Amino acid sequence: MEGLNFTIEKLGDRKIASPVPLSNLKNDNQADFVSDDQFVLYHIEGGGVLLEEARSHEQVLELAGPRARIYFDPTKTHAAIVTCGGLCPGLNDVIRAIVMCLWYRYGVRRISGIRYGLRGFLPEFAMPTMDLNPNVVSEIHTRGGTILGSSRGFGHRSLDVVDSLERMGVNILFGIGGDGTQKGMLAIATEIKKRGLKIAVVGIPKTIDNDLSFVQKSFGFETAVSKAVDSVSTAHVEAFCAVNGIGIVKVMGRQSGFIAAHTALAINDVNYVLVPEVPFDLDGQNGLLTILEQRIINRHHAVLLIAEGAGQDLIPDTNNVDASGNKVFGDIGVFLKDKIAEHFKAKNIEVNIRYIDPSYIIRGTPANANDAIYCQRLGSNAVHAAMAGKTTLLISLIHNHFVHLPIQMAVSCKNVINPEGPLWRDVIDATGQPMSMKN
Amino acid sequence: MEGLNFTIEKLGDRKIASPVPLSNLKNDNQADFVSDDQFVLYHIEGGGVLLEEARSHEQVLELAGPRARIYFDPTKTHAAIVTCGGLCPGLNDVIRAIVMCLWYRYGVRRISGIRYGLRGFLPEFAMPTMDLNPNVVSEIHTRGGTILGSSRGFGHRSLDVVDSLERMGVNILFGIGGDGTQKGMLAIATEIKKRGLKIAVVGIPKTIDNDLSFVQKSFGFETAVSKAVDSVSTAHVEAFCAVNGIGIVKVMGRQSGFIAAHTALAINDVNYVLVPEVPFDLDGQNGLLTILEQRIINRHHAVLLIAEGAGQDLIPDTNNVDASGNKVFGDIGVFLKDKIAEHFKAKNIEVNIRYIDPSYIIRGTPANANDAIYCQRLGSNAVHAAMAGKTTLLISLIHNHFVHLPIQMAVSCKNVINPEGPLWRDVIDATGQPMSMKN
Amino acid sequence: MEGLNFTIEKLGDRKIASPVPLSNLKNDNQADFVSDDQFVLYHIEGGGVLLEEARSHEQVLELAGPRARIYFDPTKTHAAIVTCGGLCPGLNDVIRAIVMCLWYRYGVRRISGIRYGLRGFLPEFAMPTMDLNPNVVSEIHTRGGTILGSSRGFGHRSLDVVDSLERMGVNILFGIGGDGTQKGMLAIATEIKKRGLKIAVVGIPKTIDNDLSFVQKSFGFETAVSKAVDSVSTAHVEAFCAVNGIGIVKVMGRQSGFIAAHTALAINDVNYVLVPEVPFDLDGQNGLLTILEQRIINRHHAVLLIAEGAGQDLIPDTNNVDASGNKVFGDIGVFLKDKIAEHFKAKNIEVNIRYIDPSYIIRGTPANANDAIYCQRLGSNAVHAAMAGKTTLLISLIHNHFVHLPIQMAVSCKNVINPEGPLWRDVIDATGQPMSMKN
Amino acid sequence: MEGLNFTIEKLGDRKIASPVPLSNLKNDNQADFVSDDQFVLYHIEGGGVLLEEARSHEQVLELAGPRARIYFDPTKTHAAIVTCGGLCPGLNDVIRAIVMCLWYRYGVRRISGIRYGLRGFLPEFAMPTMDLNPNVVSEIHTRGGTILGSSRGFGHRSLDVVDSLERMGVNILFGIGGDGTQKGMLAIATEIKKRGLKIAVVGIPKTIDNDLSFVQKSFGFETAVSKAVDSVSTAHVEAFCAVNGIGIVKVMGRQSGFIAAHTALAINDVNYVLVPEVPFDLDGQNGLLTILEQRIINRHHAVLLIAEGAGQDLIPDTNNVDASGNKVFGDIGVFLKDKIAEHFKAKNIEVNIRYIDPSYIIRGTPANANDAIYCQRLGSNAVHAAMAGKTTLLISLIHNHFVHLPIQMAVSCKNVINPEGPLWRDVIDATGQPMSMKN
């Protein structure tokens, strides 16, 4: 974490007064513009003495929000929005917020929706763009998904994307997507800079797994947890009502088990949470199967909640990658289901296993109220940053402040559960599962 | 349908005045007892001329409800409740209603819950019963499933069950379950009669598929449809947002496609509904794959909704039966998913298929308000019938009247969608799918 | 109920083959057209002997559904839709179903939405109509209310309305509304007939109170009950958590207490249901206040559920009527709240009263899945009837069959709870309230 | 904000090893205990240069969590829980979490629930306590409210409360309540200290208004917002569907408008948000009535969302206080409804006003998934603090860290919306309302 550089790039001087009706004055009881020297500290947690890093001015994040002077002339601005990668609750809310803020607060009238992720930029697919305006987007948040469509891949085609942006005369590109997408956005921004173009690239980070660094909470995450809770509730019902019932629920979480951990905290029906961050054994004295057997004998029902990236060391490597370049995982849910069935069959203990994989049901859901608020604010702040001529940044929430984050920071590493930290401790507390299932 | 015999068996004369505070007088503006000669016609639909059957007195169903005189002495009555077969929304509501009505309306104080279906009666499993009272059941309806647990099978063990009823001194057996369970109840009632015992057997029909004859609507069915709607909504989102997205949802419905048909009517995102009652081809001019290909080329997304019993002629026979004696079906959902993938791969058309099987999520859900009302009334009417000494019957809803139905009527045949009737017609209307996908 | 005449009027001979792709053949396994001689019996319930009425051919209702031959030429048909009176869940679903069926099944391309009820027809308000097509209506069911707007009154302006229909060249008028609206529709249809115009008038009955005669269940009613249940649940929480807490919930129900009765059955937290059909006293041995006092002393909390039309004999007449000509009721909820507060103050017993009036929250809600299905089918059947040239009728559901009902039948009397029938009996059962609170 | 003192009081040395199975070692991949020198910075936001305060060691908050050594011997510990003031989603979740953590993590077996707030301690009310254990609390979170009951007042009776704690032999008092309650807890803790008793007092802050200082977000707040959103949605429907419809929704928020502000951000149907922090005029060029009139003339519908404490300068003082000593506010909702009606009547413009007050429906609701997680963690951390012998503190969330907060800090001032800060700015953005409605 040394040498963090939170400096935000700008396209040029801001010569235009913002059309947004806000106040420049403090203490006039009216909503204010934000100035570039407002910040929030990054390192705020310590042990023993105040961390030295917290004293360093570099370790601060620029606050997001509307600036009194802007870079782009709204009447001549063409904005484009693209959504990439897997679905996540709130995508339409973010699109809607961007369009509404561009249209009503700044008066921008040319807003193009790019279809199906980066592929919508590529000439070989010949996909028309979608004209976006308040009429088109006003009710889209009642549906999950993205009206633009989405797809994976093509992050390596930054030259073609920038060609396309030039042909279209785009001034601002809003990119909504995860780790891979934001790497693509960085490459696009780098190419833009190389060509000396005046195109702002502003990302909104999306990851249903909640695993982006420097992002306190990803949009859609709370909605995802609330839907996962519903599935766990039915798994518990199935397990409880069957003779020696075992309910297994697999949820998203490739490298981090945040959905699984929060779901277990929200509903105290989970007995074992398995996440990528905490390895476990199947057999042996401390192994999952041994512990599960004891519980079935004593309590006659059990619920397991598994993040998709958990226990990958236990199953054969698929040696595949998807279009985004992500490794294709073996299916730990089905693997465990089979292993558990085998185990109890060998022991001649009747069990009734119910396996639930609610992934699509979770990710296709509309955002709940709290996520709707978050998406609304992410989208507005993205517009404010872009109109101010800031570029190569993400809108992020850190310590409950909306901030500007250089894209390269966000893609530098993943956010995972600290097995020694308070979240996992509270999960252990809520489930009563052993601290370790390694022998 | 000829020779329907709706006569209800009785254990004996009713010598006891009911403790339920209702009125014997008409026109006193107070809620009345029901007399045995109140009925509802069975055949009410006609074409051309009034059906002769409707004129026959035999074709009427006895109305359910509290009788002014009852058979069992509440202070000396021991009731038992058993739930069998797969889960269904509302089981706990029915249990609760039976207990509440026995306890508060009649003053019965001995109510035993039998654990895990008929197996709870069998000595070799040595399962203790659960004492039921208002305190135990008052909040159980907030959870799906059944607090008693459930299991399949043991319908052939009627002799052992009756032995057990005798040993326990049970006077009334309430059996909540489907086709198989009610056949078991019939065998139990027959054995009871053979032995000359004074034990009333009253069933509450349960089938999430809504496929019992002589039952207008099974409890939990509306809740199931509302949950299926949620899954279809996410399938639509997935299909719409992907490049040539195809969402496939499989729902319950072994011999009848009622859940699928109603779901399609509730949410107009379904393009093709496949049900057991309407056979279809995969290939050829009218075949599903041909039609789906046309839609993908024209519209770029599609949603299929499949009842589990659909298209069983297309897939290899599993030659298995489950513990209830039901044939184990091949998985038509996975089969179609693979066939569709193959088809488009062969045609070199990119498609993105999302397969959702929400069965456990559907069946483990608590009952919605309308099902809660229905369960409440089914349970109360079951108690009224039993306390009046009526036996070997089900509580059913026919033409919106709660009625007594001889068990043998209900198990005699299955209720299926009439492909030439109004329900299927409205499904065709709502989906726009071809009337026939047979060549 | 004597002399019921269920005969449906027709505009003329049907010379046009229906474009709807259905089958004329029985037993070809394909969805069928309906013929005019298909019916359902009206009287199906009996006592002692089969009611003579059930034998009379006049006592049958014509089945709704698409006819093989139609009256209107779809390419030359102009349909208008109007929504009148108070809001109700499902209005947008019905509008959507009518538009979709007209457009996709028949090919009608001129569909006008009349704004704000009958006032949208009147020249002095100069309101433009709204062009309706699938694009406009495809997502409207996700919102409560009606996209057309609604208002009360102007039922006496039938001459002006028919003038307006003539000027607009409307061929079919779909009127969605309650008792008052349907009386207005009848007057319009009568005037149309008098002028010899070929305009079909088809109504869809709407009443959140569920109080229309000859309509088994009004659309939106189940949704209303499910929302009322939520309010009662919070009233129970408030009552339970406060010292001597009394929760009072007032729901819709001017002349009938169906919402209150069903809500009480769905959630067993209600102790006293007050409906217009069952008068009650406040004071005296059996009076509500006396009984409530006993409960508060014994149990320390209570929940009352009141239909707005209950106890109108107890409060001063307002002597007002609203724009629909309905008498403006005194507010029984506030009246009782005050009376209860006075009573306990006089007795020096601390009580904490929480009063909840969720009416707008209930009626502005979108339809749930089951109501969505019902609205979908009501709307389609209305289109089928109109295209066949049938007129002056409502689409109704009777004994679970969609039927054609002459408007004059529906408006002839109100449907109310029979205090001696099974519904009220089950309410008494579920609440445990006294059969009578009259002295 | 000068001189903040975040030091936490302790009852004495901790001589007992914690029974909670956690790890003392860092980097062993197992969940850790927390040490007393772990902290989070309080001031983290700056402008221009790093705030000097952030450098001060006093300005840090002690992290919450289980300590390796504890003060109380679990086998001899008697804990009491009390809930005070108005209802709020999540109360039962907090009670449940406290009981579960005491019972399963520490082995405490004597847990008393105090009935109906502080009044449950007072001898003149003679209320028995409620024995709490996992069986009693396991399903209580499915219901809103508090199983203990709640009431206002008696904060001045700290001497009697401490007498009662002594008589009962209570070692730990958990007090769940708002500003007034925590002031009472402070007085109790002060009296305890004066008497030299070894009783830990640990508060969990509760305020549905989200207006406690030093608490990032109060539990139940997100649930409250999501329910308020539902009401606003129906208000919009009513306003939209009526001729010149005006929907008015009043929500909680005595001194702060957080619920109103967040609700407006979650649902873009609100046109004007009125909060206590931003005064407004009714008449004059910028006044609400003038602006509303313009909107009605131009757009024909409007939705107002009002926090109960808004515009109190406009209405006559009630000169009343409630049992908690809070001033009883005039009803701004009804006041505005009447003023608006008068205004448009005087202008002879037809309007249809719908007034919705969903307060009880909001506060009696069960916690949603995210609040459930929060309550679970608040409750556990309260137990950890108490068992470690810490006292006179609240469990708080600050910058997403659970911390110990001296009670006197939390009650020192109120948290309100900064009209010049980002939240209010985003509300202005989302509603499009004028920055100021003062002349």
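In order of appearance the chains are A, B, C and D, and numbering begins at 1 in each one.
Following the convention adopted for this analysis, a residue touches a chain if its C-beta (ideal position, glycine included) is under 8 Å from a C-beta of that chain, and two chains touch if they have at least 3 such contacts.
Just so it is clear, the model here is predicted, and its values are computed rather than measured.
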item	value
Furthest chain, CA centroid comparison against subunit B	D
CA centroid of subunit C to CA centroid of subunit D, Å	42
Mean-CA-position distance for subunit C and subunit B (Å)	28
Intercentroid distance (Cα basis), subunit C paired with subunit A, Å	45
Subunit A residues counted as touching two or more neighbouring chains	143
Overall pattern in which the protein chains touch one another (line/ring/star/complete/other)	complete
Subunit C residues within the subunit B interface of the complex	20-23, 26-32, 34-35, 37-41, 44-50, 54-55, 57, 60, 63, 65-66, 100-101, 104-105, 138, 216, 222, 225-226, 229, 262-263, 265-268, 278, 368-370, 372-373, 376-377, 380, 399-402, 419-422, 424-426, 428-430, 432, 435-436
Touch list for subunit B against partner subunit A, complex	87, 116, 119, 143-146, 149-151, 230-231, 233-235, 237-238, 240-243, 354, 356-358, 360-361, 363-365
Residues of subunit B that touch subunit D when the two form their complex	139, 142-143
